[in-house]
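The following pair of complexes shares a single chain, chain A, combined with chain B in the former and chain C in the latter.
Presenting the complex of A and B:
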C-alpha cells in the first residue's frame, strides 16, 4: 500500500507516526483502568493501540517511506524493520500479561502503560539519528523496565532484582553520558551522520579513547555482554516471567541497535583513515563477542533454575550477534538483524512457556519439568522446538539465522578468506556446548518420569502467543526469504549513513 | 581565561569519586548519590565543551541529563523503599538471595 495514506494524516510527523500512536496509548492506559477497573478492557485497548501502531508502521515500511523530523528522527528501512520487531514483542507480552498469576493485580493500568512506554523508548532508539534521542530513548526504556521488574506479587526476589537493576542501570547511564560528553567535545556534534563525517579527519586521541571505552562499557551493560553481565540472570530470575521475556527479547535488541547505530556507523566510516584504529576496535569487539558467548554458554551448564539458564543463554545469543561488530560488513549486519528476529520468537517463546507453567503451579527448576511431555504434549513439543532452534538445529529458524551470521564471519568483508574464521569456529563450538544444557531440559520433559501424570491446562492467551512463536520459528526456518529481503534493505539503509 | 583541561580534570575527579562510591558504599542510598555525582561530572563536561565550541547542543544535552537523572532517582528511591519494606534494611550486603 502507498505510504501517502499515513503521510496525509501525520504530515511532518510521519517519521514518528508509529510512536505517536503508542504514546497516546501510554497516556490512556492508567485512566482507562481507573474508570473501568477491568483488566480485559485495558488489555484489549493496549493490543489495539499496538496493533494500529504496527499497521501504520507496516504501511510506511512496505510503501518505502523515507523521511526525517528535525534531523533527530529518521524513518528508513532499518528503523521500520526494528520498530516492527519491538511491536511484535509488545504484542506478545501484552497478550499474556493479564492471565499471568505473577504480575501484580493492583496497578494493572500502570503496568500496561509502562510496558508501552518502554516499547516507545526502544522505537525512539530505532529511529534516532542523534545521540540525544538515543540517550533519552534508552533511558525511557530502562526506567520503565526498572518499575516493571518490581511489579510482581508475593516474591521478595523481585524487590532484590529491582534494586540490583536500578543500581547497575544507573551506573551504566552515568558511564554512557560521560562517554557521550567526551565524544561531543572531540567531534563537536551529536548527529550520527555528522559524527561519521568527522571520523574521516579524526585521529585516535586519548579523549576519543576515553569516550569509546566508557560508551562501550555503558551500552555493554544494556546488552549484558561479559564482563558487564552479572545483573542479567538475577533480574531475569527475580522479575515476573512476562517481564523477563520482555527484557530478554526487547531491551537487549535495543542495546544492540545502539551498537549498530553508533559504533558500526562510526568505525566503518573511519576505515578510510589510516590513523584511525578501526582494526583494533574490530579486535576489541571480536574479543568481547568471543568471551560473551563462551562465558554465557559455560555458566548456563551449571544452572538448575530454568529462568537463569535462559538468561545465560540470552547472554550467549547477544555474543553471537556481536560478531556483526567484529566483521563490520553489510552481509554480517543482515545476519545480525535476522538473528535478532529469530531470537525474539525462540527465546520469547521459551520464556512464555516457563511463564505459562508457573501459572499452573509448576516451579522454575529444571527438575520440575520431569514428565512434562505426558502432562502437556503441546507445551513440551513447543519447548523442544524453541530450545533446538536456540541451539541451531535445522530446519528451525535458529539454524538459518546462525548460518547467515556465521557464514558472514567466514566470508569476511568481500574476500573469500577472512581473519574472522576463528570467531565463526568458536561460535559453532559454542552452539555445540549450548546443545548440552538445552538437551537436559528436553531429557527431563520426555525421558524422565514425573511424580504426577495429570493433564495441565494453561491459560488461553499463553497458548495463542506460544503458537504464534512456534509458527514463526518454523516459517522463518524453511522460508528465510520472508525476512532476508527486508533485512538486506535495512542493512543497506544503515550503511548509507556512512 | 581558564584552560579547558582544568574543567575536564575537575569532571574526571568528580566522576572517579562517584565511581569509587558506587563500588565501595554499602548503603544503597549512598550508591544512588554516587551515581548522581557521576552524572554531574558528565554535565560539567557538556557545559564546558558547549562553551568552548560555541555550540548550544551540549546545553540541551545537560537539560536532558538533569531530567533523566531526576526520574531515575525518583524511581530508584521508590524501589529502595519497596525493598526496605521486605528486607528491613537498605544495605547491598543483604541482597544475596540470588547468586550465579
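Presenting the complex of A and C:
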C-alpha cells in the first residue's frame, strides 16, 4: 500500500503518526472510564486505538516510508518493525487485562492509559535518533510501568515489587544520565550519527569509555542482564501477570533496541578507526551475553514459582539476543530481531497462560500445574508448545530464530569466522539446560496426577490471545521468511545510520 | 519418475493420519480410536516406499550419480545461503523407508489387539505412533541436515509422550506410573544431551560448507575444499548425536528405563525407529566420517564396548523386557562396530590410495546395514512376542513364567525363531550379518597403527556373541520351558489373531532376510567410491563370494561352536535344572552379580550427576544470586525477623541493599573493561 495515504493526513508529522494515534488514546482513556465506568468500553477503545495505530504503522512500513521529524525521530524499516512489535504486545496485553482477576478494578482507565503510555515510550525509543529522545522514551515507559506494577488487587507483594522497581529504575536512570551528560561533554552533540562521526575523529578515550560503561550499566537494568538482573524475578513475581508479561516481552525489547541503537551503531561505526576499541567492547558484550544466559538458565532450574522461572528464562533469552552485540554483524541483527519477535509470542503466551490460570484459582507454583493436561487440554498443549519453543525444539519458532541467531555467531557478514564459535556452542548448551526446567512443567502438566480432574474454563479473551500466540509460534517456525525479509530490511536500515 | 516425485508423501501421509486420528479418532472409529486409519496410512507409505525404491533402482540416476534429490528454498539466510527442504532418495533412504514403514505397520496391527483394553486413550496412542512414524520416515527422506534434525527431534518428542503413556494410570499401579513418568523424562533429557552435540556439529558443517544439503556436504570436491580438522570435529560432534539417540556408552542408561512404556512402543523404538536413527546417521555421514580413520576408530570402540558392556547386564536380569532392551543396546553396538571397522579400512584406503582396501571396507558398511535391518525384524518379533506373553500372564518377571510353551504355541515358536536369529544360529538372518561383522573387525586389525585395537574389539565381540546366545536362551527357556508357575497357570493362553499374525510375518523375515546377500541385493546395502566420490549402492559381489568367505574361515566355526555351547548351557541351567545358576553367582551374593543387577552403578552415577550436582549447582548459584548479589543483609534480616516469606522479601527492598548491588555491578563492569583493555592491548 502506498504510504501517501498517511503522509497526506499527517504531513510533517508522518514519522510520528503511529505514536500520535496512541497518544490520543492515552489522553482519552481516563476520561472514557470516568464517564462510562464500563471496562468493556474502555478495553474496546484501547484496542481500537492501538489497532488504528498498528494499521497506520503497517501502511507506512509496507509503503517503504522513510522520513524524520526535526532530526529527533526517524521512521525507517527498523523503527517501523519495532513499533509493530510493541503494538502487538500492547494488543495482546490490552485484550486480556479486563478479564484478569489480578488487575485492579478501581483505576481501570488509568491502567489502560498507562499501558498505552508505556507503549508510546517504547515507540519513541524505536524511532529516536537522538540520545535525549531515547532517554525520554525510556523514562516514559519506565515510569508508566512502575505504576502498572503497583496496580494489583489484594496483594501486598505488588506494592513491594513496585517500590523495588522504582528504586532500581531510579538508579539506572541516574547512571544513564551520568553517562549521557559525560558523553555530551566529550563530543558536544546528542544526535547518534553525529556522535558516531565525532568519535571517529576523536578516537576512543577514557572519558568516552566511562560514559559508555555507565550507560551500559544503566540500560543493562532495562534488559536485566547479569549483574543487573536481580530485580526482575521479584518484580515479575509481584506484579499482576499481564503486567509481568508486558515487562518481559515489551520493556525488555525496548532496552535491547537501546543497545542496538546506541552501542551497536557507535561501535560498528568505530571499526573504521584503528584506535577505536570495538574489539574490546565486543568481548565485553560477549562476556555479558555468556554470563547472562548461563546464570539465567542455571538459576531457573532451582525455581518452584513459575513466574520466577519464566523471569529467569527471560534473563537467559536476553542473553541470547546479546550475542548480536558481540558479533556486531547485520546478519546477527536479523537473527536478534527475529528472536525478539518469536520471544514475544512464546514468552508472552506462557505468561498469559499463567495469568489465565490464576483467574480460575490455580496457583503460581509448578506443582499447581499437576494434571493440567486433563483439566485444560488446550492450555496445557499451548504451554507445551511455548515452553518447547523457548527451549528451541524444532519445528517451533524458537528453534528457527535461535538457529538464525546462533549461526550468526559462526557466520559473520564477511564469511565464516571462528571468533564467536564458543559463544554459539555455549548458547546451544544453554538451550539444552533450559529444557530441563521447561520439561519439569510439561511433566507436571502431562505426566503427574493432579488432585482434581475438573475441567477448567478460562476467560475467552485469554483464550483468543493465547491462540494467536500458538499460531504465531507455529507459523514463524515453519515459515520464517514472513519475518526474515522485513528483519533484513530493518537491520539494513539500522546499519545505514552509521 | 512416476513415484519418486511423490517421495514427500511418504512422511506426509502418516502426518495427516496423526492429525485426523489425533483430533477425530474416537469419533469415526469408536472401537479402535482411529487405529485402522493409522494402519492404512502407514501401509500406503510402505507401498509407496517400495514403489519408489523399485523405480529408483531401475532408473538411470541410480547408475549415474547414485541419488535423486529435489530441494526447494525454505528460507533464505541473511548470511547469503539458503536452507532448503526437499527429498533425497538413494539406496540408504530406500532401505530405511521400506523397513521402517513395514515394521511400523505390523506393530500397529499388533497394537489393535494389544491395546484393546485402553479404551478412549487409544486415540492418543495411535496418533502419537503415527507422528513417530512420520518422524522416522521424514528423517529417512530428508535432503539436508537441518530437516533431518527437525524430524530427529520430532521423534524424540514422541518417544517422550509414548514412554510416558502409562504415567496417568499404569495397569500395574501407581509405582509403575511414576516409573513411566521419570523414564519418559530421562529418555527425553538424556537423548537431548546427544542432540546438543549434533546441533553443534551441524553448526560446524554450516560454517565449513555454507550449506547443509547432502548434495553439497557429501560432494568430494567440497569436502576437499574444507579444512580437514573442521570435518573431524563436525564428525565427532555428529557422532555424539548418534550416541545419544542410539543409546551407546556413556548415554545408554535411558533405553532400559524406557521399557516403562507399552511393549509395542518398545518394539517401535527398538526395531523400526528412534535408535536406528543413530545408525542411519553414521551410515549417512560415511563420506565425511571417513575423512579421518581416527573418527571411525572412535565409532568402532564405542560400538564394540557398548556391545560387550550391555550384554553383561542382560545376563542376570529377570525382567523379560529389560533383557531385550540390553540386547538392543548390545546389537546396536555391533552395528556401530561394523560401520566403524569398515569405515576405518575405507579411511586408510583413501589415504593410501589402496582401492582393494576401500572395497574390503565397504563390506563393513554392508554388514552394519544388513545387521540394522535384520535386527529390526528379529527385535520387533521378540518384543511383540514378549508383549504377547505379558498380555497373557500379566507379569514381566520371568521367574513367574515358565512352561508357557504348551499354552502359547505360536508365540513360543516365533520367539524361538527370533532368539535363534539374534543368537546367530547358522542360516538364520542374524547369523549372516553377525558373522560378517566379526570377520570385518578381524580384517580391520591388519591395517594401520591402531589395528591392534580391532583385535581387542574382535575378542570382545566374540565373547558378546557367546553371551547373546546365552541370555537369549536363558530368556526363552525361563519363559516357555521349565516348571510352570502360578501366573503361567492362570494365563489367558494364546493371544488374538491380530497379535499372532504380525508375529508370524516377522518370523519369516527374522529367519530369511539374511539370504538377500545371495540374491544380488547386497548391492543395495553397499557403498562404492568412484573417483573419490562416495556413492550409496555398490557393486554386486554375488552369493558365492560370501559363502566362500564364510565357510573357509575357521573363526566362523569357532563362533558357531560358542553359540551352541551357550544354548546348551542355558538349556541345562534353566530347563533341565542340571546346573544350578547359583554356582556361578554365589547365590546372588558375588560382587559381579550385584554389579550387573545394579547396572554397573550407572543409574546411580547419573542421578548423582544430574540431580545432586546439577540441582546443587543451581541452588548454589541461586544462593549467591539472591544472598550475595541481591544483598548480604537478607540472611541477617531473616534471622532477626524470624520467618515469613513476606518479611524477608520486604527486607530485600532495602534501599542500601539495592544501592550496593548497583555499585557492585558497575564496579564489575569497570574491572571487566579494564581487564579487557589490558589483556587485548587496546587504548
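In this section, the second predicted complex is superposed on the first by the 497 of 498 C-alpha atoms of A that agree within 3 Å, B and C clash if a C-alpha of one lies under 4 Å from a C-alpha of the other, contacts with A are read in each partner's own complex, and residues count from 1 in each chain.
Everything below uses one rule, namely that a contact is a pair of C-beta atoms (placed from the backbone, for glycine too) under 8 Å apart; a residue touches a chain by one contact, two chains touch by 3 or more.
What you see is a predicted model, and the numbers here were worked out from it, not measured in a lab.
A.B. asks: Would you mind checking which one, chain B or chain C, touches more residues on chain A?
C.D. replies: Touching more residues of chain A than the other partner does is C.
A.B. asks: In the overlay, answer first, second, both or neither for which of chain B and chain C A:301 touches.
C.D. replies: Only chain C; A:301 stays clear of chain B.
A.B. asks: After lining up the shared chain so the two structures overlap, which partner does A:135 touch, if you call chain B first and chain C second: first, second, both or neither?
C.D. replies: first
A.B. asks: Looking at the overlay, does A:446 come into contact with chain B only (first), chain C only (second), both, or neither?
C.D. replies: A:446: touches chain C, not chain B.
A.B. asks: Considering only touches as defined above, state whether A:464 meets chain B (first), chain C (second), both or neither.
C.D. replies: The answer is neither, since A:464 touches no partner chain.
A.B. asks: Touching A:70 in the superposition: chain B (first), chain C (second), both, neither?
C.D. replies: neither
A.B. asks: Between chain B and chain C, whom does A:150 touch in the aligned arrangement: first, second, both, or neither?
C.D. replies: Touch partner of A:150: chain B, not chain C.
A.B. asks: Looking at the overlay, what does A:163 touch: chain B (first), chain C (second), both, or neither?
C.D. replies: both
A.B. asks: Please work out whether A:31 is in contact with chain B alone, chain C alone, both, or neither, and reply first, second, both or neither.
C.D. replies: In the superposed model, A:31 contacts neither chain B nor chain C.
A.B. asks: Could you look at A:188 and tell me whether it touches chain B, chain C, both or neither (first, second, both, neither)?
C.D. replies: Only chain B; A:188 stays clear of chain C.
A.B. asks: Where on chain A do the contacts with chain B and the contacts with chain C coincide?
C.D. replies: Touching chain B and chain C on chain A: residues 156-157, 160, 163-164, 167, 171, 175, 234, 299, 302.
A.B. asks: Please output the residues of chain A touching chain B within their complex, sorted ascending.
C.D. replies: On the chain A side, the touching residues are 131-132, 135-136, 139, 143, 146-147, 150, 156-157, 159-164, 166-167, 169-171, 173-175, 177-178, 180-182, 184-185, 188-190, 233-234, 237-238, 299, 302.
A.B. asks: Which residues of chain C touch chain A once you look at their complex with the stated criterion?
C.D. replies: The contact residues of chain C facing chain A are 74-79, 146, 149-150, 153-154, 157, 161, 164, 167-168, 177, 180-181, 184-185, 188-189, 192-193, 195-196, 199-200, 203-204, 206-208, 210, 614-615, 617-619, 621-622, 625-626, 629-630, 646, 649-650, 652-653, 655, 658-659, 661-662, 664-666, 668-670, 672-673, 676-677, 680, 682-683.
A.B. asks: Chain A touches which residues of chain B in the complex?
C.D. replies: For chain B paired with chain A, touching residues are 8, 11, 15, 18, 22, 28, 31-32, 35, 38-39, 41-43, 45-46, 48-49, 52-53, 55, 57-58, 60-61, 64-65, 68, 71-72, 75-76, 78-80, 82-83, 85-87, 92, 95, 97-98, 100.
A.B. asks: Over in the complex, which chain A residues touch chain C? Could you list them?
C.D. replies: 156-157, 160, 163-164, 167-168, 171-172, 175, 204, 206, 209, 213-214, 216-217, 220, 227-228, 230-231, 234, 275, 277, 279-280, 283-284, 287, 295, 298-303, 330-331, 334-335, 374, 388, 393-395, 399-400, 403-404, 406-408, 410-411, 413, 416, 418, 421, 424-425, 428-429, 431-432, 435-436, 439, 443, 446-449, 479-481, 484, 487-488, 491
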